[in-house]
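One structure coming up, written as structure tokens, with questions to follow.
Letters A, B, C, D and E mark the chains in the order given here, with residues in each chain numbered from 1 onward.
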Amino acid sequence: MIVRDKPNLFQLFFTLRGSIVPLIFPQIVLIALLGTAVALTQEYFPSIFPSFTLAPLALLGVALSLFLGFRNNASYDRWWEARKQWGQLVVDARSLSRQLTTYITNDTDNGRQTQQLMVKLIIAFTHALRHHLRKSDPWTDITPYLPAAELVSLQRSKNLPDAILRLLGKYLAKAQEQGLLSDILSKCLDERITSMAQVQAACERIKHTPLPFAYMLLVHRTAYLYCFILPFGIVGTQGLFTPLFCAIVAYAFFGLDALSEELEDPFGLAANDLALTAMSRSIEINLLETLGETELPEPILPHNYLLQ
Amino acid sequence: MIVRDKPNLFQLFFTLRGSIVPLIFPQIVLIALLGTAVALTQEYFPSIFPSFTLAPLALLGVALSLFLGFRNNASYDRWWEARKQWGQLVVDARSLSRQLTTYITNDTDNGRQTQQLMVKLIIAFTHALRHHLRKSDPWTDITPYLPAAELVSLQRSKNLPDAILRLLGKYLAKAQEQGLLSDILSKCLDERITSMAQVQAACERIKHTPLPFAYMLLVHRTAYLYCFILPFGIVGTQGLFTPLFCAIVAYAFFGLDALSEELEDPFGLAANDLALTAMSRSIEINLLETLGETELPEPILPHNYLLQ
Amino acid sequence: MIVRDKPNLFQLFFTLRGSIVPLIFPQIVLIALLGTAVALTQEYFPSIFPSFTLAPLALLGVALSLFLGFRNNASYDRWWEARKQWGQLVVDARSLSRQLTTYITNDTDNGRQTQQLMVKLIIAFTHALRHHLRKSDPWTDITPYLPAAELVSLQRSKNLPDAILRLLGKYLAKAQEQGLLSDILSKCLDERITSMAQVQAACERIKHTPLPFAYMLLVHRTAYLYCFILPFGIVGTQGLFTPLFCAIVAYAFFGLDALSEELEDPFGLAANDLALTAMSRSIEINLLETLGETELPEPILPHNYLLQ
Amino acid sequence: MIVRDKPNLFQLFFTLRGSIVPLIFPQIVLIALLGTAVALTQEYFPSIFPSFTLAPLALLGVALSLFLGFRNNASYDRWWEARKQWGQLVVDARSLSRQLTTYITNDTDNGRQTQQLMVKLIIAFTHALRHHLRKSDPWTDITPYLPAAELVSLQRSKNLPDAILRLLGKYLAKAQEQGLLSDILSKCLDERITSMAQVQAACERIKHTPLPFAYMLLVHRTAYLYCFILPFGIVGTQGLFTPLFCAIVAYAFFGLDALSEELEDPFGLAANDLALTAMSRSIEINLLETLGETELPEPILPHNYLLQ
Amino acid sequence: MIVRDKPNLFQLFFTLRGSIVPLIFPQIVLIALLGTAVALTQEYFPSIFPSFTLAPLALLGVALSLFLGFRNNASYDRWWEARKQWGQLVVDARSLSRQLTTYITNDTDNGRQTQQLMVKLIIAFTHALRHHLRKSDPWTDITPYLPAAELVSLQRSKNLPDAILRLLGKYLAKAQEQGLLSDILSKCLDERITSMAQVQAACERIKHTPLPFAYMLLVHRTAYLYCFILPFGIVGTQGLFTPLFCAIVAYAFFGLDALSEELEDPFGLAANDLALTAMSRSIEINLLETLGETELPEPILPHNYLLQ
């Protein structure tokens, strides 16, 4: 995620960090070159594109803006829903550790250990979910928070965050059996675990179900066809300015297209993706504070405007 | 569901897998032929379509884009809601088996058997729901997970997934009567069963209530009328390029139309439908792991980019 | 609801069942006649509409498509929400009878009778709600499912479905008093009754709160003004084809308008309304099956493609 | 709320009841007069507006339709959400009184009195909320339903509906203390009271948070600028018909604007506002029926098509 | 938030309070100056921009209105969601204090103190959340409502509102341990605390996750490019009126842009931001009234139409 104040007019046009221009530079150049070729041909052989007008372009433009608008809305909804799910995870993590540290008694060793164990498992779940979604290696981040006895069985699991949740559920059931919690409060805590399972399933849904492939084809093909026709449509009136206008229009349409594609999978490390690392760290700090720890890790700060 | 990376520019134009071009090829050809006929007529009898302009086309285009945009949004919402419902099923299946295996004691034979029986019934429900939605035969997939004693009565049922849920509810009530669960925890598990009933009803709703038939008529009729008028509208300015532009515009409009139609019923086996088989298998693996099984079935992988 | 496969190209243009053409035929003819009059006048007195162009038409068209698009979305949302509410009723009816037949013991006469009584009341509620929404006579459908002793007091009620729900609540409280259910499970069943009250209130809301009347006036007036100006706007360029184009444009705009109007109240018996009769019957069959009945009524099938 | 069948074509154009024409009549006349002035000037000094075209009008029209469309959607959403909240109040009022009259025993004097007292408080809440939202005097409507002992303290309250809910909560807690309700059922009833608090807060939100003021300025200024430019843009082609077209376009744009403004605060007494009086009365009748009363007040009927 | 009645026509055009004109004045002037330069150049060297037409402008306008429309919707949704979250806070604060003052007995000193302590903590949470979102100093507002013993530990906390919620949870658990509340009612109150944690997390989400930076770049760049091309596009037909039309179009597009930017972070002190101070004060008054206090602080009133 890019975190910076609004740039001034000069910066606005020359900022590359977070911009999608680098991604679509080849397309813009391609269309501008085509525009140049058409404009020069027209300049030297004025009668070669005599009767072309904007008519088909306008008709196709209606369809294209329909496609781009739809895809942009759908992608942004996915991005924002992903953010909401992580916001829900913040609530669940904070509330569950609040409940664990207040309803389970502090007075016995067993109670204290259960609190420690379970709150740490929630931290482990948070990191494990992030690595699961980014397909990166979780073990450095989570090993300190896992009970040593369970490490081997967790390593064999096919779905690590789900296995951690099951472990959390096991400890909860044990706490209830040992009389640390009444069954009503146990239900209350169980609801938070189910809610965390819901967050995980929603993130997996967004990660593993892209927009139907056919949309991608339809949008791209129509965008390219549109931009290939464009110079023929405007060369009659714009003359040698044709390449400039082609580049500007291509920037607007391909830019929205590329941005939609980036937002479609919001869990990556690209400039406009969600700052999952910073969010997990923030949950980690909150939960350690709940346990009364005083040596807390540092929050993640943006590096060159980029927060990951 | 098509699972593949973004194709390059060449592949983009020639990929047929997952594309809707094969579906609408007849329409494109029809409109292109009409365009050819009109262009040739105009070429040899230049004065035959003298006064036609784009005016009615532009007015009709506004209506058509309204219809197509609305229908596309509605169809995509159905597709995405269907995916969300299956995501909810993932949560319910995982959470219910987590709860069954932690709250019901493992120490007695009866407890262990109840766990086994009920978790397997959840797997059976998942497969049964998929086959129910696809109107295919469920018995091969689900028989191993059903208690032999109930097989006959289930086979007589008019709505198999619903009957399995009722059976699940019966075992839950029995477990509570036998003292394996307190009534509070029993309520907690019952909520998951109700949530699974909700998933089923929502899928049945999407399956059995298509968009109002009149929309389909309205969209199709307007699209055809538009494309039939199109060549007359542009032949005056585009001359012999008329068939090309007709084909491109027809591709964009009929393409969106055909894709909307495919997404409207997301439970089929078409290229852009949901990967229900893979999702049920993934639930199956998760739940067997919860039971501590070590011989797990293989996950379903995409075949020629297509995941079903 | 119209239930049929996609018609072929020929059927597409000549299907009247489920189409809104019959509803808007007078408007189309009116506009076409006006178009004919204008075209003929122009033919014989060519200089009478000399300076008219499309400008005001295009400006008004923007407003009209805004109105029609908004109204169509709002009406479809009402229709789809109504369908969702009935889907929720399916869940509530199925879940409540599942809970009644599993949590209330089967072993005593009293338990069995309570099960029978309450599940039948749910069926009665379903039919009563349908008749309430359609303002038709419910007694033939519901009398067999009502306890004879309550018939008189129900007949005096001002809001029959609400009175049935109250009766259901009374039996539930009685069952709890008699010890057939613990208070926790009783709360669990009570939530389903409240959910059914929610379905009823939502259906009543959709039924009794149409879109603000002023929208209807605004949409209709603008649509008529647009279509009255239309022939003057296009006669200069389209000549004798004016009536044809007028009819097509009128079809598109008035068609969407009429369809929106039909969907606005989704509980009627029109071709695009919801199949409430079939859904109530399907709930009836499900619930009788839950009670172990073997003589079940037949499901409702579409008649001439129309499912009611 | 206007309640009437669809008017015929003649009525359609001349109905004023519920129409927004009276509200925007001054604007329409103003624009038409400006159009007349421009048209006459053009008639006598044909060369005075020589080069004006529709270009800036079309560009501004895009922005204007964006603004009007957005504002209309936002206002309608507020109106419909307000209606949904009152629908939720119907559910809460009906369900809470159903629960009160079934779970609290009828056999003791205390039980009967508690039922009476609390159900009447719900009626009082409904009326009080309506008057709170309309800033009218509630005491005539609610005094008969309030316990005389609490009247004074309620009259001092700064937020009457909230004070009634607190009173309802106090009686509920008392009922539980006296053993009329178990604590589980008490929680069940408490959820309904919280839900009524939610309805109140949502209505207050809609009432006290209008759309940002800057939108209003932006929409109005753009609409006026657009309509002031309009006659200059079309006089070249429409001649003496300019005032007519100006009036029609002004009707469409200002009409939508005025309607959005009316819907933005849906709790008033204007023609398109919600029928809160009728809804409160209907809740009143339902709840008195629940208490077994036989002398019920009459439902509110529309007066000259207007239901308040 | 601006609170005022609809201004009359004269005020409408000259109101600056709450308007976004002051924010975008530099852009409007810049575009108008460019328009002047182009118009004068055209006046003296008529042949210098001979062939420019509106074509590229119209094509780019489609993209621009797509971007502005999307961004406006997204920003307004954030603003309205933020308002809804604060509405939920109103419900939670009112309901939790209602429950505290009715379910915890008033008869013992301990009970009364617990009520006082906890209701005051809710007030402190409200103020702390507001200051947290506005990054301002909370201590003046909240110190009177905090227990002196906890002051030091709260001052060390990294996330003050979260720490207050944890404290609230601690007192709740203590109340339950001391037998002031049954565990079922305790769960009921705990749900409200979790709901307040949800409000906080949602507000933090809106505060710390702006729209993807790339949108901002895309919208601004396209808007500037559009307005830079604009005078060349219209000077051919509008002549010396070019600067006027440029300024009007720039006002409409940059105005919507600036307003979207202001609404994107709704927690500030700008004219169109939410009136958090007034809302917190209103909660404060409500809750003190619940405790039976009679000396209540004054509600916040708008100052020069501005309510903060």
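One rule holds for everything that comes next: a residue touches a chain if its C-beta (ideal position, glycine included) is under 8 Å from a C-beta of that chain, and two chains touch if they have at least 3 such contacts.
What you are looking at is a predicted structure, and each value in this text was computed from that prediction instead of being measured.
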Figure out the least number of contact steps between chain D and chain E, where 1 means they touch directly.
1
If you average the Cα atoms of chain C and of chain D to get two centres, how far apart are those centres in Å?
24
Based only on mean CA positions, could you tell me how far chain C sits from chain E in angstrom?
39
In chain B, the residues touching two or more other chains are 58, 184, 187
Given the touch rule defined above, the chains close into a ring; going from chain A first to chain B, what order do they follow?
A, B, C, D, E
Could you please specify the touching residues of chain D with respect to chain E in the complex?
51-53, 55-56, 58-60, 62-64, 66-67, 70, 74, 157-159, 162-163, 165-166, 169-170, 172-173, 183-184, 186-187, 190-191, 193-194, 197-198, 201-202, 204-205, 209, 212-218, 220-222, 224-225, 229, 261
Touch list for chain E against partner chain D, complex
1-2, 4, 6, 9, 12-13, 15, 18-20, 54, 57-58, 61, 65, 68-69, 72-73, 76, 79-80, 83-84, 87-88, 90-91, 94-95, 98-99, 101-103, 182, 184-185, 187-188, 192, 230, 233-234, 237-239, 241, 245, 248-249, 251-253, 255-256, 259, 262-263, 271-272, 274-275, 285-286, 289-290, 296
